[in-house]
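Each of the next two complexes has chain A plus one other chain: chain B in the first, chain C in the second.
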Partner chain A sequence: MSEFLMYLTNGIVMGVIHAISAIGVSLIVGIMKVVNFAHGELYIFAGYFSYHLSISLGVPPLLAMPLSVFFIFLVGIGMERTLIRPTYGDEMYSLIITFVLSIVLQNAALLIFGPYPNKPPNLISGATNIFGLYHYGNQRLLSFFISIGILVFIFYLIKKTWFGKSIRAVSQDRGMASLVGVDHYRVNMLSFGLGAALAGTAGVVIAPIFPVTPTGSSAISLTAFVVVVLGGMGSLKGCVVGGLILGMMENLGAAYISTMYRQIFGFIILILVLVFRPWGLFGQKTQ
Partner chain B sequence: MNVKKFWIPVVFIILAIFPPFFLSQYWLHVMIISLFYVMMASSWNLIAGFTGQVSFAHAAFSGIGAYVSGMLAVYLGLSPWLGILVGMGVAALLGLGLGYLCIRMGGIYLSLTTLGFSEILRIIITNEDRWTRGTMGLQVPGFFTEYSKASYYYLFLIIAILLLIVIYWIIHSEMGLTFRAVLNDELAASSSGINTIQVRILAFTISSAMAGLAGGLYGHYLMLITPDIPSLGQMFLVLAMAVIGGMGSFVGPILGSFLLEILSEYIRIYGEYHVLIFGLVALSVARFAPEGVIGILGKKWESVWAR
Partner chain C sequence: MLEVKGINVFRGEAQILWNMSISVEQGEIVTVLGANGSGKTTLVESILGVHHPKMGKITFLGEEITFRSSFLIARMGVSCVPEGRRIFKDMTVYENLEMGAYPMKARSFLKETVGWVYSLFPVLRERGGQIAGTLSGGEQQMLAIGRALMSKPILLLLDELSLGLSPKITKEIYGTIKKLHQEKVTILLIEQNATLALRHCYRGYILETGRITLQGTSQELLGNEHIRKAYLGL
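So, the complex of A and B:
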């Protein structure tokens, strides 16, 4: 029983991290109708940055994390400005460009960081006894609480602030939004940056638990895509629920069915969603 | 088709008969691989360039063709000549299934799901090594009892020409007209009575079948099938060839395939930088010259060829 609860806890911890990463994809899809195939690479880069900042440059880990995320935010802004903006309205070219970019970044990561996983230092050590049932690593618990904090912050940002309102306005009706004075170029650029930063956030939060490797990036993108489709494209709530479902399925599946096929559970979910409920759990049934 | 347009491909086909007489074995091999990429990039272009659907499973479908045909030959002793047809059929069926599920939801779904399909296929092939020999590679028989590069060259040439004729025929037929109608203005096309979804699913199925056929040929030529055939790296190469050559043009992907395959023989010495270089070139072409090398060479030349 306690074993089952531990796998379930692992699933929930992974689930919230999946949710953060998926919101990064979902924001960009919702607002710009662009899928960022380089999402996993941004995640990986953030993980490596936080490692190198803290290990090679001696920056305190707690500072290295936001610094890496900020850096990825700037990378995202740069990507939007130079590569994505000229493709507005041409879905096909944005898909091709972000896919090629993902291959370029993946190879760049292999050259720069090497093929080996690098683990940033833990922020905290030891383990906590949970309800007297089982021991759980403090680093994982901390990552979990940081992730919850970030999720709350994102929801606040999008539901309550002016920036969030303009994001939602643009995603609902680009033409109307610009009529009422929203600069949609700026909104696009900032939301692409924010989407990238969320990939980076997931990367730095997970790196101390599961070190990142350049070759793992396509699996990371794929996980985020599955969550987005499961939750419903453009739905933030869907990302959280979808992330938790996938996180738990993966961990319980890996524990009780097969570890080799962890990835496959996600793909099976994707196909099932497309067959039975293609608009996802919280998506709108349009078209 | 007027007389002038008719002669250009005929001249090229006649010229293509001669390479085995003067090329070394090594360069003949490069030509055979280029012909494989011509089949891959041209059939990918059929969906991406002509209907605007980006599939990332094209290499995966070629892997399906290679593994189905290869495993039938190894475990059941089926002749590769029949095997490649079965492989093509399986690729077509999977293409039809994925196309049916995703295309009604829009292009983004097709891209996401085909990417997932490629990854899953790679994982299954790598893990089920009892049947596929995993990353070690599966040794399969060739087409000819007596191995000769020249016979493979002619085999690849004939099938590549057949595929190109079918592609040319499709894009210049009624079906091609609907493809372009869907690409240019989906709303207008559907309101003038074209079932845009059916047209796209059909294009995707045909294109996947072609990838399956090309993969089957490739596997029996190399006689060693590895998970590299259905990899995303391979997918990237095919995509880069079509993009750099010129998407949405008949000649572009053909040109891109020869260009990149021959070029990669020269920059092979740079090893791991090779993908990075192609990636950066493809990125710049997609950003600054979306019509590719063909677009740069000039529309006049293209109009002689394809219109």
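So, the complex of A and C:
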């Protein structure tokens, strides 16, 4: 029983991290109709940055994390301005560009960081007894609470701030948004940066638990796409619920069926959703 | 206040507007009448910076805006009720109104303007928290007007206000237009319903296949034989 609860907890911890990563993809798809295939690379770059900032440069880990995320945010903004902006209106073109970029970045990561996983230092050590049932690593608990904090922040940002409202307006009717005075170029740029920063956030939060590797990036992108499709395009709530479902299925499946199939569970869910509910759990049915 | 001088506007390869000139003075209500496909919406969208003319010039408050982006023109105090309403369907009624007050200047008096819009359209107050896409057609039109007013516009462009509305709601909405006019909002009114439009404006232009073919005061236009036949069905 306590073993089951532990796997479940692992699933929930992974689930919120999946959710953060997936919201990054979902925002960019919703606002710009661009699928960012380089999402996973941004995620692992952030993980490596936080490692090198804290291990090689001696920056305190708690500072190295937001610094890495900020850096990825700037990378995202740079990507939008140089590569993505000229492609607006041509979804095929942006798809090819981000796909190529993903391969380039993956190889760059191999060259720069090498093929080995690098684990940033834990922020906290030890374990906590959960309700007298089982012990759970403090680092994982901390990652969990940071993730929850970030999710709350994102919901607040999107639902309550002017920036969030302008994002929603642009994703519903870009032309109308500019007719009420929204600078949609700026919204595109900042939301691409935000999407990248969310990939980076997931990367730095997970790196102390599961060290990132350059070759893991495609699976990370795929996981995020699965969660977005599962939850429903354009739904933040869907990303959270989808992330949790996938996280739990992966962990329980790996524990009770086989670790070999960890990746497969995502695909099984994806196929089931596409067959039975193609608009996802919370998405809107069109036509 | 608004001056459109000899613009030629294309959509894709097709030329839609030909050497078109109109002007609107401070405090006026001016109407543009024309059949389906004559280019009324294209004219409005050119003023709003959605389409940029190949030739000619558009000035607003003495500044040239011919090639300015829409969002900058909106921030100068030009707002619109576009064809098809285009409310933000997945946002609440209140959030739609907030979006109307997006320009910095408008945000500072948001509370006040919301109160004003609610007093013009009390039904919007009742529906404040409702998702805008679930409003009825008439309510959506009121919301689109309310949103356009939220920036306290200097110039208001109205594209086919009455389309799809019952005569009763149309009458109500035109009542509101009168009130707005008393509050010194300048209005450019696009209508298919010529009787309605001419009853509410000072001056009008007749648009036929992308060209202005006639202009005059509403009295002159109401008395014109061609207009009586083609637009008023008399």
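Remarks
The rule we apply is simple: the second predicted complex is superposed on the first by the 286 of 287 C-alpha atoms of A that agree within 3 Å, B and C clash if a C-alpha of one lies under 4 Å from a C-alpha of the other, contacts with A are read in each partner's own complex, and residues count from 1 in each chain.
Definition applied: a residue touches a chain if its C-beta (ideal position, glycine included) is under 8 Å from a C-beta of that chain, and two chains touch if they have at least 3 such contacts.
All values reported here derive from a predicted model rather than from experimental measurement.
Legend: residue contacts after superposition of the two complexes on their common chain; A:97 is shown touching chain B, with no touch to chain C.
A simple residue count on chain A separates chain B from chain C, and the partner touching more is B. Of the two partner chains placed by the overlay, neither chain B nor chain C lies in contact with A:112. Contacts of A:29 after superposition on the shared chain: chain B is touched, whereas chain C is not.
Within the superposed three-chain model, A:272 lies out of touch with both chain B and chain C [touch as defined at top]. In the superposition on chain A, A:37 makes contact with chain B only, while chain C stays out of contact range. Of the two partner chains placed by the overlay, only chain C lies in contact with A:181; chain B stays clear of it.
No residue of chain A is contacted both by chain B in one complex and by chain C in the other. Residues 48, 52-54, 56, 101-102, 104-109, 111-113, 115-117, 119-120, 123-124, 127, 232-233, 236, 239-240, 243, 272-273, 275-276, 279-280, 282-283, 286-287, 290 of chain B are the ones touching chain A in the complex. The touching residues of chain A, when paired with chain B in their complex, are 29, 33, 35, 37, 82-83, 86, 91-93, 95-97, 99-101, 103-104, 107-108, 110-111, 218-219, 221-222, 225-226, 229, 233, 260-261, 263-264, 266-267, 270-271, 274-275, 278-279, 287. Every residue of chain A that touches chain C in the complex is listed here, in rising order: 162, 165-166, 168-169, 172-173, 175-184.
On the chain C side of its complex with chain A, the touching residues are 48, 50, 69-71, 74-75, 79-80, 82, 86, 88-91, 95, 98-100, 102-103, 107, 147, 151.
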